[in-house]
Structures are given as C-alpha cells and as structure tokens.
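Shared between the two complexes below is subunit A, which has subunit B as its partner in the first and subunit C in the second.
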Partner chain A sequence: MTAAVDLVEAMAALVAFLLVLVVAARFARLVRARQRDARIAPLRQELLAMIASEDLAALEGFRRLAPARWRLFEPSVLSLTAKLRGESQRALITLCCELGTLERALSASRSARAARRAVAAEALGTIGTNEAVTRLSMLARDRSAFVRAAAVRALGRSGRSAGVGPLIAALEPGSGVPHRFVAQALLRLGEPSAPGLIAALGHPHSEVRERAAEILGLLGTRSAVPALLQACGSDVARALRLHALRALGRLGAPQAFSVLCEAAEHGEDEDLRRLAVQALGRLGHLGAVPILAAVVATGPDRLAAIAAESLVALKAPGEAALSELATSACGPAQLHAKAALVFAHRGERAGAPAGSELKAFS
Partner chain B sequence: MRSDVGHVLVATDWFVLAYFFAINSGYLALIALAAIEFVRHGRLQGALGYDDTFVNPLAPPVSIILPTYNEQAGIVTSVAAMLALRYPEFEVVVVLDGCTDDSFSVLERAFDLIEMPCVVVEQIPTRVPPTAKFVAAGAAPLVVITKENSGRADAINVGINASRYPLVCMVDADSILDPEALLHVAQPFMDDPERVIATGGVIRAANGCRIRHGRIMEVRMPRPWIARIQVMEYLRAFLLGRTGWSRLGSLLIISGAFGLFRKDLVIEVGGLDPTCIGEDAELVVRLHKAMRQARRPYRVVFVAEPVSWTEVPETARVLARQRRRWARGLAEVLWRHRSMIGNPRYGRIGLLAMPYFVVFEYLAPFIQIAGLAAVAVALALGAINVVFGVVFLLVALGYGLLVSIAALVIEELSFHRYARWRDLAIAVAAATLENFGYRQLTALWQLQGTWAALRRKRAVWGEMTRTGFTLEAPADLAPSGGGRGE
Partner chain C sequence: MSLILVADDDRDIRDLVAFKLSNAGHEVVAVEDGPSALGALADRLVEVAILDVSMPGMSGFDVCRSMRSEARTASIPVLLLTAKAQEADVQTGFAYGADDYIVKPFSPRELLSRVEAVLARSRR
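Right, the complex of A and B next:
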C-alpha cells in the first residue's frame, strides 16, 4: 500500500516536471527565435538589397561581422547563394570562403554524426569549389544513406564537371544511392555529363547502362543517338532496350524511326511496344500514323489507349486517323479513339464554344 | 465464501493495475522511440531534399484517389486544394460513390467537366462498375468517376482502376492536406525506392483551426472539450504511437484519410476489401502478409511531418459510432489474419505488432471495464478499503496522464503546431480530463463495437454529422456538410 502511495507521488512529481519542461521549452524557443530574428533580419534585408541592386562591393561590410553573428547568418547566406547564379553567386561564395564557411563545412563533413555530415554536404554543394567537390565525391560513398543522398544532390548543385565521375559511379548497384537522385544531379550538371553517360552505355553493370540511357534521354543529348540506337539491337538485354527506346523517343531522333516502328509492331512484350508507341508519338514522324492506328485497332487495351494518345501528338493526320477509328471501328478501339479526341480538345472547351460539339461527340 | 470472492476481486484489481502499467509503459516506449525519430529528423532538416524532389523529373507520379459520398458543400474546396498541392506530377481521381446530392453538379460547374468514353481496365475486381468518366477542361489533372453506391473501399478500388500513375494516395474528401504533404509522404519512395511499399501521414484534428481556401492558416484548439481530448488522443496514438511502430518496422495501420501505396502491389493483393469495415488497416496487414510470405524485402513507413487535417466528432453520439466502428474494424482485421498472430514466419509483425494489438488494443476495453467493475464490487463488499480504491485509480489514471503529458513534451520540442499559450494550457487540461469519463466511455463503445463484430452484425457506416470547419472563405466555399466517413 505504501509502495502504491509512493508511486502516486512519484508520478505526480514526474507530471509536474514534464509540465515545467513543456513551458520552459516553449519559452526558450520563443526567446531564441526572437533573438535570432532581431540579429538576422536586418542583415538579411541588407544582403537582399545588395543583391537586388547588384552592389556587390557593399558585401565588404559583412566581412567585419563578428564570427558568432556570421555563423548565425550563414545558413541564410548559403540558402540564398544556392538560388543565385553568375556574379552575385560567385561573390557570395567568395564571402563564405573568406569567413570560414568552407572550412567549417569540411570539418563538419568529417563529424561522427551523420546529420552533421549531411548538412555539411549541402553547404559544400552550394560552395562548389574544387576542394568541396573532392570532399563530396568521398561523401557520396559515406556509410550513411542520408549522407550519400545529400552528397549526390550537392554534387549536382555544385555545377562542376568533376562531379560526373563520382555520380556515374553512384549509379552502380551497391552504391546505396537512389538512382533518381543521381539522375537529377547529372541532369543538373547538364551537357558536361553527356560524354561520361555515353561511355556508361558500355559499362559492365547492366543497371548503369540502363540508367545512363534513361538520363541521356532526359538530358536531350543528340550526340547520344547512335549509341542509343545500338542499345536497341535485338541482341541487347530487354531492360536496356526499354530504356534506350524511351530515351530515343524523348530525343525525337528521326534516325530512330524504323527501330521504333519495328518495336511498336513486333516487340516481344507489351512494355516494349508501349514504350515504342509512346516514343513514336514524341518523334512527330507522320509515317507512324498507320502503325499507331493499327495498334489502336488491334492492340491490347492499355497499349491501344497509349497509341491513341500518341496519334493525338501527331496533330492533324493523327487526329484524322482517330476520327476514322471513332466512326468506323467498333468495341474498345472506338472508345479509345473517342477518349483520345475528347482529351486532346478539352483545353478548347474551356474558352471556346466548340467544346459543346466534343461533348456531343463523346 | 465471501472471503474467497474478496480474494478473487483483490487479485483481479492487482491484475488490472498491472495491465494498466503494461499498456502505459508500452505507450511510453513508443513515445520514446518517436522522440528518437524526431530528433534525427530535426537534425536532418537542412538535408532532406524536398525542394529537389519537387523539381526531379524522375519523381514517381501520384494518383490521388478521393472517394466521396454526399460531400457537396465541401467537395470543390477540397478538390481545388488537392490540385494545388506541391508535387511534380500527379492527378486527382474523384470517385462519386452514388452521391444523391449535387456533388457532381458543383464539380462540373467548378471544373468544367467533359465526359469521356468510360474505358477503365478492371485490374482490381469491383462490386460496381463506373457509370461515367469525366475530365476537367483545361490543364487541371482531374478525373471524376461516377458510380452507384457500393462503399468507400469499393469506390477506392474503382479509383485505382481508373488511375494512371504508379503510386496511389488515398485521401478522404473532407481532409485538408498541408501544401507540402504529398512531397513529404512520397519522399521515402525516393529515398528507398526498392523497399518502400507504403507510407502514411499523420492525421490531426482540424476543428477550431482557422481555414482559408482549403488551407490551414492557423492551428488552434477546438472549442468543445470532447474534441480537445481527441486532439491529445490523436497526438499520442496517431503521431507518436505510429512513429514508434514505424521505427520498429512494424507499422500495421495507415489511416485511410492519408496513405500512399505502390499501385502494383495494391493490385497484386486484390485492392481494398469492401467486406471489411477496417479496410485501411486490413490492406496494410495483407501487404505485410504478402511481402513476408514471398520473402521480399519491404518497408511500411510513417511520416510525421506532412499533416492531413480532419474534422473529429464533436458530439458523444458521433464519437460513439466512430469508436464502435474502429473497434469492430480492429476485431475483423485481427480475426481475418489470426494465423499471423505469434507466427514467427511474419517476423516482427507476427511476433510483436499483432500480439500487442490483441493484448493492448483489442482486449483493453474488456479489461478496463472489468477492472472498474471489480474495484466497485470489491469496495461494496469491503474486500478493499476506500484508500486502496482511490490509490488504485490514481495509479491507473496517473500513469495515463503521465503518458499524455510526455506526448505533449515531444510535440512541443519537435513540431509545436499549437502556437498559443492558451492552447497549451487547454492541451494539459484535456489530457487530465480525458481520464475522468472519456476513457471509460470510449472503452464501453469499443466493447460494443467488438461485440458487434463477434455477433457478425451487418456493418453500417452511419452519417457523420459534421459541424463544419470555421472557414475564412468566400461564400461559395461553405462548410462541409453531411458525410459518411470520420
């Protein structure tokens, strides 16, 4: 019984302690926020005014800031730097380097705590000097998945072609970085990524080859067309062919026409045919109209629907073929053709009276 | 004889006290796990890469499925808010589940809908096929499906069949999502694309909040105490409890009000089960089961940051119906998947999560009511004295209060959504009041729900009488009216 009473007392004390903790935590947070705002807000305004007026010489004033105040201001400066380009960005990076931001980020990137390393990677990516990129290349192989992902994103943001090699290495299986992050980073680096990616089409790992094909399509590198056409050969693994077909469609390369027609008509599975059908729509070659119309008329449901959408992308000749199917075909083919036509013209309905005809048509 | 009865009653009281201790200790452990997760999340705040996801051309596109039944008053606001979410590529699929009000007309007027030939490939078998399909004129990625009424689960299955994208997000039509919600809840699919199969976002109470154009402008505590207590309950059970379970890799429940799933797997397991009243949890358990049986690596993740705001019941009658339904849903899920309970084949799900749900969720109302009755009878028979009875109650309720206040501490240190001091005081008062009547009543309602499940009584959703959000909006954005789900 006494033990139970003691327990009640202990609980009451604990509840009281937690209540004090809640109040103290809120009070401390509000005070901290107010102090930070008071110290940072004027600096932020001053910096934005300088950037807006391109009065970069006025940045000199920030060099005299007390180290503690600069450190408080540093995240705002880095965040702004990441959004800028050109002279203003370079001036802020120089300012950061002079005030020790790079050193601090490099030091934090060796911290035992993953969160500190990840945040440091973001800062290094914004600063983007050779030293920062070298360190980021190492962080892209960090033991923590979060740090690796942050480093890969930062390499993309750095804008340095030196980042291409480590990024392509991060496409390898076992690198532990989601390929979407790597792809985005390579896309951010732009054209300088292309030679490395074209070379990666011959990489020993199939995953790297497939991802490289996909990224080349998104990058819009015309010089990659011959290599991608080669990757569409019948002796190539199916997955690579899928990615290469998709990339060729995105690139809109006329040389790809016959390969895509062949895959759309005689591809060995629906996925392959679907990608070829989509790609033919993007390619804009009018020779594709009869092939796509045939797929709408005879293809399986999902494939027929996509072929109808591709015909819409081929403008008037494609729509004429769809109108023909909508009136003469029967069953799902007719429905797909009608659906594609209604969908294609739905924008007109919003502003033009022509829409009522479409409604009647459906 | 009387002495024997007395011994049994005293033993029962001690057993119930031990049970209360165990259940609250379990909660405290989950809260501690959640705290660890929030600290980690807070430290990574600057390196989570949400802005990168927003501009990533390879971010997986999402189909938001919005089943709705007679939500005429709020549907346009709700759809417009969904269409304004921040995410690279998504569509909103509204499924009008046999609405008898003007839901379709208001949508048609607001989004200038055009009828499409209704071509829907039935990847998941459905009870009722769609009757018509519409798209929005202009660029809004909106699809509206009409069908006869067949229940929420079937409506979602129809929506999944009509969806185009590889991820499906199930959202209640009366929910309000934070603008970044989709971005945050999809992030685990970006971070771990090979293993993440489902993610759930936290649900909070929208009652009392300032709302404008379908967006939460200011978070405030509701006015009725019954809703205030639910705010604390949601904080403890939804935010912290589920974060804890997620950290243990044993998350069993993703709320139907806001969950994101891999469509191929949902189709593979047959979609939501329209015969189960707890269809959301049942789907998650079925996914666990399928993945474990196939020995495929996977993760089901709870994301504490994106918030779906929902209106919680403000009357005892509506709350009672909700709690009976929840209890019934839980009972059905546990019964259907009883082979998983304690089965090592299902790993932590079979050995930890499901036994926990049986002992501390399913049986809790029985033991709570039995415990109170035993104390009362023991007091009446003189088997225990009044001091013992009072101390018993103080220990049992005090620990519950301690858990609630601990949850409040974590909320304050991590998200601090309720900014006003007044709301903090209300939260503390609600956490205290919860112990006097509310817990006991909800236990009674849960008991009734479980009893209905045992009797296999036909499930009825019932009308959720909504009092409506306090909207700061033009006249056409009126408070939501009658709905079905809560």
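Right, the complex of A and C next:
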C-alpha cells in the first residue's frame, strides 16, 4: 500500500516537473522572440519605409549588414516579401539571394529536423527561383506530412508554372497531402496552372481527373471549356461528369448550353440534373426557360424547387414562366413557382451570395 | 489627406498598408480584427475602410455588412483584402457591399492607386 502511494506521489512529482519544464521552455522562447523583435525593430521600420517610398536603391544599406545581424533579420524580410507583389518583391528577393538566403534555405531543406525543412520550404516558396522550385518539388514528397503540406503551399506561392506538375502529382491518392491544400496552391498559382489541369482531365487516376475538373471550375479558365465539355460525355464516369458539369456551371460558358440542357432534361440521376439546372440559371441563356419550366412542372420535388430558383435568375422571361406555372399548374409545381416569385420580388435570391461554394477549399 | 481604416490580423500586411498610405499623406487607423474595426468606426468617421476578408472571429464580409446596415457608415467605401483571387470570392465581396478588392500578395503602388480611385469616386 505504502509502495503504491509512493509511486503515485513520484508520478505526480514527475508530471509537475515536466509541466514546469514545458512552461519554462515556452516562456524562454517567448522572451527570445521578444528580444529578437526588439533588436530588428529599427531595421524592419527602415525596410517598411523604403517599400512605402519605393526607394529600392536604399536597400543597398542592408547589403552592408553584418552576416549575423542579417540572419536575425532574414525571417522578417522573407515574411514581408511573401506579402508583396511587383517591383518591391523582386528587389527583396534579389537582396535575399545576394545575402545567401537561398543557399541557407536549400541547406536547411536537407536537415534531419522536419520543422527546419518546413521553414526552409516556406522560404523557398517566397524566393521562387528555378532552383527553389526544383527543391520544393522534392519536398512535396517528403517523409513528413507537415513538410509535404508546407512544400505544397510554397509551390503555390512561388508563382512558377514549374510547380504545376508536382502539385498535380500531389493530387494522386496516397500522396499524403490533403487535396484541399493542393487545390488552394493550384488556385493561388492561377492561370499558369490551367494547361496542367486540362491535361490532368485525362490522368490515369480518377481522383486526379475529378479534382482537376473541380479546380478548373474555381479557377475560371475559359480555355478549359472544350475539355470540360468532353468530360461531360455519356461514356465518361459519372463522378467526373458531375465535377465537369459543376465546373461548367461555375464558368458560365455559353458553349455548355446544349450539354447542360441535355443533362437537365435527361440526366440519369438527380445530382446530375440538379447541377445542370443550377448552371442553366447562372448561364443566363433564355433558351433554358422552357426546359427549366418543364423541370418545375414535372421534376422531383427538390429539383423542381432549384429549377424555380434558376428561372428567377433568368429575370423577366423566367419570372413570366413562373407566373404561368403559379396560375396554371397544380400541386408542388404551383407551390415552387409561387415561392420562387415571392423570393424574387423580395429581392431575396435564395441562399448565401454566390461564392459560398469556394468555402470547400478555405 | 484622408482618414483610412485598415483591418488585418497579419501584422506585416497592416504595417505595409499603413506605411504606404501614410507615406502618401493619409492618416491611418490600423486594427487587427473585425470587432476593433467596428470600434474604430464608432469612434471616428473614416473615408475609406480596407478590410481583410479572413480575420478571426469576424470576417471582413461581416464588418462590411455591419457597416452597410448602419446609416453612419453605410456610404463609406470598402476595399476588401483577399488572399483568394477567385471570381466567386470577389462576387461574395460585392454582394456584401464592397466597392473594390485587392488580392494578396499585393503591390503597394496598386493599393495606393485603388484607394485613391475609390476616394475620388466617393467625393464626386
């Protein structure tokens, strides 16, 4: 009994000791960070003033900093550089490269410690040179999930089209990177990722094809429309067709009109028809009015309600079709038409403002 | 000289925007979250509000909506700072009543031009 009490007491003492140790370590880190911030504060103010006044020639002064002082200041410079675009960003990247930041980041990216590799990945993404992107492509396959995620984010930030291939590879199942991160990185790269994503619609892995279609829709790339239309073909797997239809709806491409009408009228399941019906509302093509009115009149309950909302989006001709249904139809079709008209006249287009779908990747 | 509100939880962005606008002769009130932005708006009547979309607790969209619902702040031009360059996000901003948007990372020169364009429009 006494031995058990002793053991419990010893364990409690150990836990208390470890707790004190953790708190002390955190406090020490905080103090060190504050000291570092205080030491670099004048340099940071000076740099901010230079950026604000666009006096980039004054950056010359930083080239004369003692190496130890520059290394202390370096994370702050990189952090500011990552927030900038244009001339100031280019000037700061040049300064960093001249003062050895790239070499240090490349070296740290080979460290045994995952945390150091992840920090190096962030720095490489900010610098964004060819060498940095090549190293990031390797870090996107790192053994640590933390480093892989950092590398993927950094590839997106690099702004280099060379980052697209590794990012698409990271969409493959088993890459160990959440696809949300990869999608955000590709979206951040913007237009340069479009050709790679269009090519990925023919990728051997179905998951990559579907994600590529989805990202193309969010990217808003009109050049992707022919490839997405092809991905809506009846010989294509249903999941890809769903993603391609959603993407076409987001893009609002007029060329998609007949494909969307076909899917709205004869889609093999309600999900496909729903996406097509929503997309027709966004497209704004008045030829969709009779098709949407027919869906309100004869479609399943939920689909009919969405078709009524799409008719509202088509303004006067859509509302005229709804008024006709509200007087001549009966049962649920009449109710949906009346409800949609009430919303239309209150100016309360159903739901949140457009764009809420992007939250899937936020 | 105009009084401009900047709300962003990222200290770097806040400082970059504040330095740029101050350098151009404007007075800047910089805060780090949505509730502080509303507090600053209650204290002083600013001419433009620059709001980050993704702030903890209260987003730039929420602050914008709240501004539009108050008669005192309804007409203050709002510029949204967004890290998401996508069309849908921009549409959301406009639906909440924003006047313009700036995509992060940003060019300080472009930021100043946009702010001055919004100021010129609001004075017309």
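As a convention for this text, the second predicted complex is superposed on the first by the 269 of 362 C-alpha atoms of A that agree within 3 Å, B and C clash if a C-alpha of one lies under 4 Å from a C-alpha of the other, contacts with A are read in each partner's own complex, and residues count from 1 in each chain.
Here is the rule we use: a residue touches a chain if its C-beta (ideal position, glycine included) is under 8 Å from a C-beta of that chain, and two chains touch if they have at least 3 such contacts.
Since the structure is predicted, the reported quantities are computational estimates derived from the model, not experimental observations.
Novice: One more residue to check, A:R113. First (subunit B), second (subunit C), both or neither?
Specialist: A:R113 sits against subunit B, while subunit C stays out of touch.
Novice: For the overlaid complexes, name the partner, subunit B or subunit C, with more touching residues on subunit A.
Specialist: B
Novice: Going by the contact rule set out at the top, does A:F146 touch subunit B (first), subunit C (second), both, or neither?
Specialist: A:F146 sits against subunit B, while subunit C stays out of touch.
Novice: Under the stated touch criterion, which partner chain does A:S53 make contact with: subunit B (first), subunit C (second), both, or neither?
Specialist: second
Novice: Give one of first, second, both or neither to describe whether A:R85 is in contact with subunit B, with subunit C, with both, or with none.
Specialist: After superposing on A, A:R85 lies in contact with subunit C but is clear of subunit B.
Novice: Could you tell me if A:L218 is touching subunit B, subunit C, both of them or neither one (first, second, both, neither)?
Specialist: A:L218 sits against subunit B and subunit C alike.
Novice: Let me test your reading of the model: by the given contact rule, A:R250 touches which partner, first (subunit B), second (subunit C), both or neither?
Specialist: In the superposition, A:R250 contacts subunit C only.
Novice: Would you check which partner chain A:L187 touches, where first means subunit B only, second means subunit C only, and both and neither mean what they say?
Specialist: In the superposed model, A:L187 contacts both subunit B and subunit C.
Novice: Residue overlap on subunit A between the subunit B contact set and the subunit C contact set?
Specialist: 187, 218, 355, 358, 362
Novice: How about subunit B: which of its residues touch subunit A in the complex?
Specialist: Checking each residue of subunit B against subunit A gives 40, 43-44, 46-47, 49, 52, 55-59, 112, 114-119, 121, 135-139, 190-193, 387-388, 391-392, 394-395, 398-399, 401-402, 405-406, 408-409, 412-413, 416, 421, 424, 428.
Novice: Spell out the residues on subunit A that touch subunit C in their complex, using ranges where they run on.
Specialist: My answer: residues 44, 48-49, 51-54, 79-80, 82-89, 187-188, 190, 218-220, 250, 352-358, 362.
Novice: Any idea which subunit A residues touch subunit B in the complex?
Specialist: 1, 4-5, 7-8, 11-12, 14-15, 18-19, 21-23, 25-26, 29, 75, 113, 115-116, 118-119, 121-122, 145-146, 149-150, 153, 178-181, 183-184, 187, 214, 218, 301-302, 305, 332, 335-336, 338-339, 342-343, 346-347, 349-350, 355, 358-359, 362
Novice: Which positions of subunit C touch subunit A when the two form their complex?
Specialist: 10, 12-13, 15-16, 19-20, 22-23, 54, 83-92, 95-96, 104-110
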